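Pasting the structures in now, so scroll down.
Here subunit A shows up in two complexes: once beside subunit B, once beside subunit C.
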Partner chain A sequence: MAETATIDRPQLSLWLEKGIGLAFPFLVALLVASLVLLLIGENPIDVFSLMFAESFGTQRRIAATLSAATPLLFTGIATAICFRSGVFNVGVEGALVIGGLCAAFIGFTLPAAMSVTLIPLAFGFAAIVSAIWLYIPGVLLARYEVDEVVSTLMLNFVAFGITGYLVNGPLLSEISGNNVTPLVHEAAQLRRLLPPSTLHAGFLVGVALVVIYGIWTRRTPSGFESALVGQSKRFSSAVGISIPTTIVLVMVLSGVISGMGGASHALGQLHRFADGFSPGYGFTGMAVALLGRNNALGIFLGAVLFGALASAGTTVQLFSDIPLDIVNIIEGTVMIFAVVELGRITLLRRRSGG
Partner chain B sequence: MIVDQIIAASLTLTTPILLAAMGGLVNRQGGIVNIALDAKMLAGAFVAVIVSSATDGWFIAVLAAAIAGALIGYLYSLVITRANANMIVAGLGLNVLVAGMIGFVLNWVYDSSGTLRLPDVQRLPKFLPEFMYDIPVVGLALSELEPLTVFAWITVLVLPFLLANTRIGLWIRATGNAPQVARAMGISGRNVQDFSTAFAGFFSGLGGAHLALASIGLFNEGLTAGRGFIALAAFYFGRDRPIATALVCLLFGFLDATQIRMQTAGLPPKLIGTIPYLMVLVALCIAGWRNHRRKAVSS
Partner chain C sequence: MEVQNAAHRDANQVSVRLGAEELSKRYGNIEANRDVSIAVAPGEIHAIVGENGAGKSTLMRMLQGIEQPDSGRIIVDDQIVSLSGPQRAFALGIGMVHQEFMLAPDLTLLENLVLGDEPVYRAFGAASRINWPAALESGERLAREAAAHVDWSRTVLTTPVHIQQFVEIIRLLRRGTRILILDEPTAVLAPQQVEDLFDLLRKLREDGTTILFISHKLKEVMALADRVTVIRRGEVRYSSPVAETDTDTIAGHMVGGLDTPVATARPTSASKIETDDVVLDVQMLTTPIVEKSHPLRGVDLHIGRGEIVGLAGVSGNGQNELVECLVGLRDSDGGTVSLAGQDITHLSNQHRRALGIGYVSADRRHEGLALQASVEANVIAGSQRKAPVSKGGFFDRKAMRQVAEKRLAFVDVRYGVLNDAAGDLSGGNQQRLVFAREIAADPSLLIVSQPTRGVDLVGIAAIHAILSDFRNSGGSVLLVSEELDEILALSDRILVMADGKIVGEMNAAEADIGTIGKLMVMQGGGDG
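Presenting the complex of A and B:
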């Protein structure tokens, strides 16, 4: 009896911790945003309810929110897949941009007669190139212990440089002026799900990936092993899990998902590649992964939440002239407090353990 | 003539990176990889323009920028050392947060999106006597020399001594390189790290002030253009040694200065811009490969 009780209790408190963990950073962010709003003499509750109405009020607004959440589904998973193995990959942004360019390239160079086969080709090419892109820092980390934070961060800037050069030079559209590639063929464009809004089929791909990610993390040996590597490297290698293989695997998977995210954004949203392709989807994806604690459902909710913020932010600026930057303030605070919370939990554990 | 211009431009463009890199390397010696240098530079530039316009004094503006940077750095450090936050994520979050705050203030208080142009912004003074401007080759660079550039290079020369021979320098290095030893010596690692992060913020703030006040005298949201990350690249490549890092900064400044000229020679500036980051990747690979081989030999 006593034993079952001790097994039950940590379970319950674990769930409680998880719940608080999800809500805490966001509550702090709302608090910070409220303070800012109070400072400028706005009623935070009014602003937040307006934002809520603007992101979930009508079917059209919900579609806009989900549309804004689409790239974040991809970048959230791509980040989480590495974070849960203790690999600090901050290169999702660069891989997404590279993937977007590759998909657009397939979309406008191959003959239009190939019709819908263009879409899987574009996704596949983007996934492969982005996977190779992140394979490099993965191998460097696995074999030579090259710090992955710095290498992936640097690769982001290299990605911006290369794509920026290509859209201003060799791949520049001849008809539409600056910094954009030509439009992809109509057949290569992803279908819009609710026509007036920009919500496109890429959202469904993203949701499918979230489900696959959830199954992979919970039901497959490699998903389990990679989580174990994140928990304890020494234990993992003691039970025979190859740490270098795991590192390379999660980096390549992260690249595949980032590349598909880029393809989805290029073929579904912009229908081309443009300079400034991503306003930091990779970094917001990091906030999403942290907020969702690398959990599939958590990532989905986190992505929708940030999508809502982004879609509400633009309209709130129109209606109440509250600067759009309030969204960045919330996002930054969430990122900071998402990791602060991790620290608090380990402190609590240590105290209760010792 | 062209040589004069390149020397002058390289020197000017090096200073902000150099200041931030000096702060960042001290921070990294103390065990914190400061990924939020860019945020502090941006904040420094913003504060510098506002204070310079309000007080009519460049020195106060520079000081205020440095203090603003140090304050943000200190808060960032508290999050890391007291609340055990992961420094990379917190740093990236801080970059987003600070950019958001500045954009918000810019939009709300000054009713402008992106650029802040204020009246009577005092720029950094050129202080050398005019007869020196006629010196061949370096004359142009001398004519544009201002106090912050001089201060940055003095720091480069003094910092090795400070790190090697003073108590606080030793504390910082001990905290970063041998935390157990530091603890055994009774050094409070957290306080030392807080100090080193505030120090990095102070210098990044100075770098930001230089960006805003050296020549243009206005603030723009894209003013730093990732220079905080270039500074990070510089001290990674310079392996946290002040003089080596300064030379790397000079190289990056030179690349920045020659970008436009290279464009006319047919080299795309966007690709030239990736050179600092590629250099760091190569340096990391070489260092990793060396470690790997050393381990293979010893085992």
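Presenting the complex of A and C:
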């Protein structure tokens, strides 16, 4: 029984350590931003409190923050699920875009009479296509040791090319000018949670996925196995875990989540697919995953943080003479220091002998 | 020593071409080299022998300027030199042929030969044009001198290993190497190619090249070297002209005497082996020649129920490859492996485990454990899909904790809490943790490699007790160890492996260190 007492204490310190790890890049970013603000003669405290107010001050601002965080929940998990197995998948962006187009396609081509069944169909179709999309680099890595960084990065450009062609050609809307598909049927649009904000039901899907991800990592054999593969490939194969199977599994899961993220953004935010569908949600998702240390709660907080920065950025310069660039500086610095963790991951990959 | 005031001497009168005086090097707690002194005379082929981990590589790295000694001096041409880096050593004429060749795989042999020192038509810095005809001419001349035939237009990738090695050697010579260090050069070669290499080295010796030759194959040392130095556990144990010594003496110094106290005695003949009760049967197992590994050249062995079979051998003679083949982590290209009558030659590691093979890896830090993962994860790994750890696809956290605690208690692993990283445990406890996991799966056969490496005396005793208990309860064990004492203490039957084959077998009762040691270092006479 003395055992149980000792189990809790280190876990508390572990949490503390995790908390500091999560906050560290953000604190450094605030410091850097403060320096810049002082240099241009602004009071950092004033600016930060304005930014805080703009992202969390009122219910509407909170809704805007969560709305901006929504795609990052998906891309954060999609990235983390691969990173924790040591699979350096940078193709979430492309899979998200492909998923968005697939969902929109279902949403405006199938008959409107199908009503709300359009939504699960669109999500499912997007998930399947994006899963196949990332299955390809997964198999290439697992079978033929094709470097996943190169293959997934290149697939992003393929995704931009395909979707760009389709929205400018075959799927171009006849009534709304350039580079967009027609709007999806009203029944296929995700409900807005707090109108007039754009926060939509996709946020709830994202939160549900974060919870499922948390359960998967901690409570299931395959979550356990994929974490072990990330810790040590040689150990994992020596205890009978198939490395190729695990790699393909996490890539496919990453594709499913990316696809659903694309569907959520298409059906909930834009109600269509448009060229420039994602301003880099997949890449910000990498920062979110690294900042959150692949931990479910950490990813949620990381997504909200980047959502807050995005929503504060859009309004802060309307109400003050602070340049929008200060938000970019904070975002950039957070990413750099989150990437410090990324350096650690790639180092581990080398040491475990790839 | 009068070495210091030997300032101006003609190169011909040099007495020590390359030497080390009381070199010591320490990595953390491990003393890799302790007061190592050697002296290589000009035009001598000097063999350094010793087991893997004896400290040969550390010494070579220091002689090459890659590592700096903690104390001691390095001598080149009777002068004390400071080898600040590999470039400095290279400038002094020291060149090393590593086991892994330093050739660019996509370039041709000729390109590799001149790489870094290309003959040019007229020196214009970066704008100089390479004089390929001159390069080819110099390559042809060097090959002719060595009586070798080289197709210089092939890329390294498509060239056989022994030709690569040849190019590597003459590349160094072309660039002014006078002292050639070869790290186990014959490991990758077939017997005839070994002869060719030796002819080349003898010819180089005649031309005045000094050669330092690392090996653990005594037959080769006797055939080639002028002088031999034995390193064991970081110290020079023996040095003699080859003409004045014999393999038995060298072997004795290499494998050492009874300098590890052994805590457990061999159990009496309580466990009789039923010869028809064969658990593991291996026939004519072979593996392809792969770089950095020793191929198996037809291994035959069998292990009965309730029997510990010890596999002795100088490390690097195929033991690791055999172990990996048996547990399914390496592909074989011939022969069969069967477990309790079932052919498992082509089954995966996963499948073999399910059939009852347990595996204690020699590489505890990378293969036996995931050091950053928790003690719990390490002891559960492999059972994560089985009840009661997993129920209906989800973990039962409480049951998992109980299973982990039970397993850890069974072999008395000392740990703080289950969440501690496995890397935080001491070496002995880490190894017990590996045993805790492997034994819990209730295997019929345990394949155990170097179980007590880096483990203290108490840990050694505990691990030996675990193995004995396992055998006494009907389990079978293949015990691979570099510690002869360990093999003698635990085994019922002893096999000796050399050069990828089983070269000797004896009952433990009639085995002694001398006989085994001799079998270990004599290369089975070369009768295919």
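We take it that the second predicted complex is superposed on the first by the 322 of 354 C-alpha atoms of A that agree within 3 Å, B and C clash if a C-alpha of one lies under 4 Å from a C-alpha of the other, contacts with A are read in each partner's own complex, and residues count from 1 in each chain.
Going forward, contacts are C-beta pairs under 8 Å (C-beta built on N, C-alpha and C of every residue); 3 or more make two chains touch, one makes a residue touch a chain.
All values derive from a computational prediction rather than experimental measurement.
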Looking at the overlay, does A:A338 come into contact with subunit B only (first), subunit C only (second), both, or neither?
first
Touched partner set for A:G280, first subunit B, second subunit C, both or neither
first
Where does A:L110 make contact in the superposed view: on subunit B (first), on subunit C (second), on both, or on neither?
neither
Tell me which touches more residues of subunit A here: subunit C or subunit B.
B
Once chain A of both complexes is superposed, is A:V239 in touch with subunit B (first), subunit C (second), both, or neither?
second
A:S151 in the overlay: touching subunit B, subunit C, both, or neither? Say first, second, both or neither.
first
Figure out whether A:A63 sits in contact with subunit B (first) or subunit C (second), or with both, or with neither.
neither
For A:F224, decide between first (touching subunit B), second (touching subunit C), both and neither.
second
Across the two complexes, find the residues of subunit A that touch subunit B and also touch subunit C.
none
Note: in the complex, subunit A contacts subunit B through residues 36, 40, 88, 90, 140, 143-147, 149-151, 153-155, 157-158, 161-162, 164-165, 168-169, 280, 283, 286-287, 290, 323-336, 338-340, 342-344, 346-347
Report the residues of subunit C in contact with subunit A in the complex, numbered from low to high.
327, 329, 348-350, 353-354, 359, 361, 363, 366-373, 377, 380-382, 384-385, 390, 393-395, 397, 416-420, 437
Quick check: in the complex, which residue numbers of subunit A touch subunit C?
3, 6-7, 10-11, 14, 215, 218-221, 224-225, 227-228, 231-232, 234-242, 352-353
Enumerate the contact residues on subunit B facing subunit A in the complex.
33, 35, 79, 83-86, 88-90, 92-104, 106-108, 226, 229, 232-233, 236, 268, 270-271, 273-274, 277-278, 280-281, 284-285, 287-289, 291-292
